[in-house]
Amino acid sequence: MKKLINKPEDVVKEELEGLALAYPDIVKVHFDPDYVYRADAPVKGKVALISGGGSGHEPMHGGLVGLGMLDGACPGQVFTSPTPDQMLEAAKMVHGGAGVLYIVKNYTGDVMNFEMAADMARSEGIRVLSILIDDDTAVKDSTWTAGRRGVGTTVLAEKIVGAAAEKGYDLKKLADLCRKVNINGRSMGMALTSCTVPMAGKPTFDLPEDEMEIGVGIHGEPGRERMSLKTADEITEMLALSIIDDPAYSRTVRELDEEKGEWVDVTLEDPPFKAGDQVLAFVNNMGGSAAVELPIIYRKLHEICEKKGLKIVRNLIGPYITSLEMQGCSITLLKMDDELLELWDAPVKTIGMRWGI
Amino acid sequence: MKKLINKPEDVVKEELEGLALAYPDIVKVHFDPDYVYRADAPVKGKVALISGGGSGHEPMHGGLVGLGMLDGACPGQVFTSPTPDQMLEAAKMVHGGAGVLYIVKNYTGDVMNFEMAADMARSEGIRVLSILIDDDTAVKDSTWTAGRRGVGTTVLAEKIVGAAAEKGYDLKKLADLCRKVNINGRSMGMALTSCTVPMAGKPTFDLPEDEMEIGVGIHGEPGRERMSLKTADEITEMLALSIIDDPAYSRTVRELDEEKGEWVDVTLEDPPFKAGDQVLAFVNNMGGSAAVELPIIYRKLHEICEKKGLKIVRNLIGPYITSLEMQGCSITLLKMDDELLELWDAPVKTIGMRWGI
Amino acid sequence: MAITTVDVLNCLRQMADVIHENKEYLTDLDSAIGDADHGINMDRGFQAILKKLPSVEDKDAGTILKTAGMALVSSVGGAAGPLYGTAFMQAGMAIAGKYELEAEDLLAILDAALKGVIMRGRANLADKTMVDAITPAVNVIREALGNGAGTVEVLEQAAAAAKKGMKDTIPMLAKKGRASYLGERSIGHQDPGATSSYLLINTMAEMARVKE
Amino acid sequence: MAITTVDVLNCLRQMADVIHENKEYLTDLDSAIGDADHGINMDRGFQAILKKLPSVEDKDAGTILKTAGMALVSSVGGAAGPLYGTAFMQAGMAIAGKYELEAEDLLAILDAALKGVIMRGRANLADKTMVDAITPAVNVIREALGNGAGTVEVLEQAAAAAKKGMKDTIPMLAKKGRASYLGERSIGHQDPGATSSYLLINTMAEMARVKE
């Protein structure tokens, strides 16, 4: 294992220490339980946005905390969901009196830990809603699986919902907006290489020199299918079509119902993309691919979208939701409308994403 | 070779096509000869800044073109200096009547090609000055080598000089400023893995699982020394001390003398760092290291600087001057003063670096 | 043979040892169909339990188990944290206040643990999860108690059933948790969570055997 | 035996073939002490020359070489581009206007090429560069001409000297170019640029041998 680390068990702690030293104007870090929060938290009267998940996906989520985006982020161990006490304490620290929205990627671990945290926070009198992101088209059905994983759309949702929170949307409206972003976003990822969880010390899987994994998540897990290595254009086409040609997707998720005061099953349906849609195209580096490669993917994606009648109105290209040093990429398309465009363009100042300020 | 590319010989061309499609508000791309330039070039009355070098170091240089930074960037093939005609044509395209400053990394190829380009541009009536960046403390002497390589300080110089050009500094003042940044900046890099030049198809060197290279440049070339793998703290200490304890460094470089109208030998001396200095600390990802690792390096660097009496007043952490997918990092320290601080903080809007706008 | 709180404490310590010894094994299983952290997660959790035990040495068995569960919840994360955390907390509530446990209490403990796992994770039998190891153990205990079996026998049968349940996950297609994303590719691999469940139940049996 | 412009054109085409065949070899040499691109660079440059040749087929030898040099300058990049580009351009200027070349012109060509390389790169002998292959070739041509040798003999001796010069770079410590950064580690490797220089000079000799 070749990494710029000290003891594997100290990776997350020392990363957080580094962030605290490097960006005191943007974030503060609390240890035991660990969470990253806005340097100016709590922002009075603003709904607080909290996300979290395993570490190893940097800049997500700690690097997405700041003005116009998250108020708090709870980092777990590498690829391991954080614990409810982190999420509870983060909520207590950042909530500015207008409630807390948890943005949760749909992984069994994240979902269960955030559910426990939401219950705990509510029992302490904090208004909480919680929205799942499940956008990974590599997962075809939700009946025989834990449902689609939360991947690239998470970053876009955090930006857009963060801007709306800054604008003064209330908790209910933010939850609705986050749900809207989620059902309009879809992603698909692939890996050229595996990655190595520091504590495990060896690559999660072996991938021969001439093979790749299609339909991977972001945890170094093998994907849906292993196949022989293809060109950037062929890979882009596979990923893009898996998104664009994805039919309507419906599933039942659990959401907190504020009126009933309990978790209820909600059925959601993602509408398929159609010609004429305006989209945001997000080409994500899994972490270890050379930066020169991403525009090559974008180039082909642009061509495919054009052919399919999708108009790319915004883009995001780079490592935003990574799997440690894995080589590979993912594509996310999000259908945009005027509200989303305005919120996307709004100023943001975080470690990993910054513009307009 | 595992890369998200089509034909190896098309990598640079397709990358440029992707950039042109993705960022039309920031850059335009000219093909044959290839160069990237500001979407709003030429900026009348402003000195135009041009840099260039082999590709594979993205975002440098094409990703550093835009308001507050470069006006033009000439990308060569991967790790191969661009050619004089690119630099000449770029100069003709972007110069706004106030002259052109070439910022050149000190590699034999880059130096010779930019020298030829400067001569050609001057013979076409364009005022040109050219400043070398040579900041790599891995190279101890300039008598027995081609002199220190240009590495991390290049990024900082392009930001600072770019801001000054935006503020209206004239050509002579900009050249002086660039020289000042260069003699006050020092870097040192290391590699955990090699990288693969697409056209070569295999890693430039083999590095056993338990070894690393210290004192590498940015071209996948082996470093000064191979040694057994060390912890992040030990690596940071080696890099940082090689910079902080570096004695005064003097060398003779060739610069264009405008009055004499010819190239002259100029002797420059880099003053060593001393307790009390204010510095900008730049921790650079060579490209393939997981993002979680960089703050771990910064954490230790912060401690070392403190112990040595250096005050970090600004920082930059991330992949800015990369070697394709190489795992590893480099550290750059730049002594700051009020002028440099103000210019550093000035707005910048490029693909790879953006703030304040 | 009654089980004392000292036995419970020892059993938890023994579990921590077993998990620690099997850390790499569990993580390897998780590499195949998950994200290579189950052993690491469980080990972190049981180390957290060890740290908490001194504070509850004089407490009743229910409190001890609930404390262990809370330690798991706040240290493990991932799927295993809330699942095992809830299991231990529910088990503790099922024997709240007791300082001595009889064979019937073992049923109460494991049944509550199983219900906790299902409440939290909503897995069905044959979804290829820890439920597939715990369910047969609970069933066999219930049966054995009906036949008048004692502590040791009950737990030995439970361990054997859990082991079989664990092995039975190999041919299953995962429908819950991370492994479900692999689809057909999850077939042929033993579920890491079912494996840790077997290891924990087996440790209970071994403790009882030694005590006897 | 006079060398015609057709010979010059053929020689350049032959050089392109030789460079293409040795592309990987040159790149491998550059991997050891450089940045793994010398063969790729040279091949790109000679392919560019091939594209330019049709436009100068009826021109004098000097123009042909200058055109080749300009093609190298604008296509190779790196260190080799300006160095070989300048070499070919200077060589062309040394025989400006000539349609037939005699043995003495070969000295003029290689001497001008060497001076061009040194003017541009300011390397000294034993710095482990192409200068170490070209210098002995120029010296031996001068000597051979003094002894009244003809074209073929002159070029064969030049090629032999260049080859020895190339081999002699192996034990040298590099002081110029990228290899200089390796310090002691550059010792024991043959310089890629000296190797391409030998290959080019040797191609001239082979052309002359075949023509004879």
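Chains here go by letter, A, B, C and D, matching the order in which they are written, and residues are numbered from 1 within each.
Here is the rule we go by: a residue touches a chain if its C-beta (ideal position, glycine included) is under 8 Å from a C-beta of that chain, and two chains touch if they have at least 3 such contacts.
Note that the structure is predicted; figures quoted are calculated from it, not measured.
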Practice problem: Work out which chains are contact partners of both subunit A and subunit C. | Solution: none
Quiz item: Hey, which chain ends up farthest from subunit B, C-alpha centres compared?
Solution: C
Practice problem: Please report how many Å separate the Cα centroid of subunit A from that of subunit D, as a whole number. | Solution: 56
Quiz item: Using CA atom averages as chain centres, what separation in Å is found between subunit A and subunit B?
Solution: 32
Quiz item: What whole-Å value do you get for the distance between subunit C and subunit D if each is reduced to the mean of its CA atoms?
Solution: 75
Practice problem: Specify, in ascending order, the residues of subunit A that touch 2 or more different other chains. | Solution: 78
Quiz item: Where in subunit D do residues touch two or more other chains at once?
Solution: none
Quiz item: If each chain is a node and each touching pair an edge, is that a line, ring, star, complete or other?
Solution: line
Quiz item: Which two-chain combinations qualify as touching?
Solution: A-B, A-C, B-D
Quiz prompt | Interfacial residue positions of subunit A with respect to subunit C in the complex | solution = 33, 54, 76-85, 107-109, 112-113, 115-116, 138-139, 144-146, 149, 197, 199-200, 204-205, 217, 219-222, 224
Quiz item: What part of subunit B is in contact with subunit A in the complex they form?
Solution: 1-7, 11-12, 14-19, 21-22, 55-56, 58-59, 63, 78, 192-193, 195, 209, 212, 229, 231-233, 235, 287-299, 302, 315, 317, 319, 322, 324-325, 327-329, 354-357
Quiz prompt | Complex interface listing, subunit D residues touching subunit B | solution = 27, 31, 33-37, 40-41, 44, 73-83, 120-121, 173, 175-178, 180-183, 185
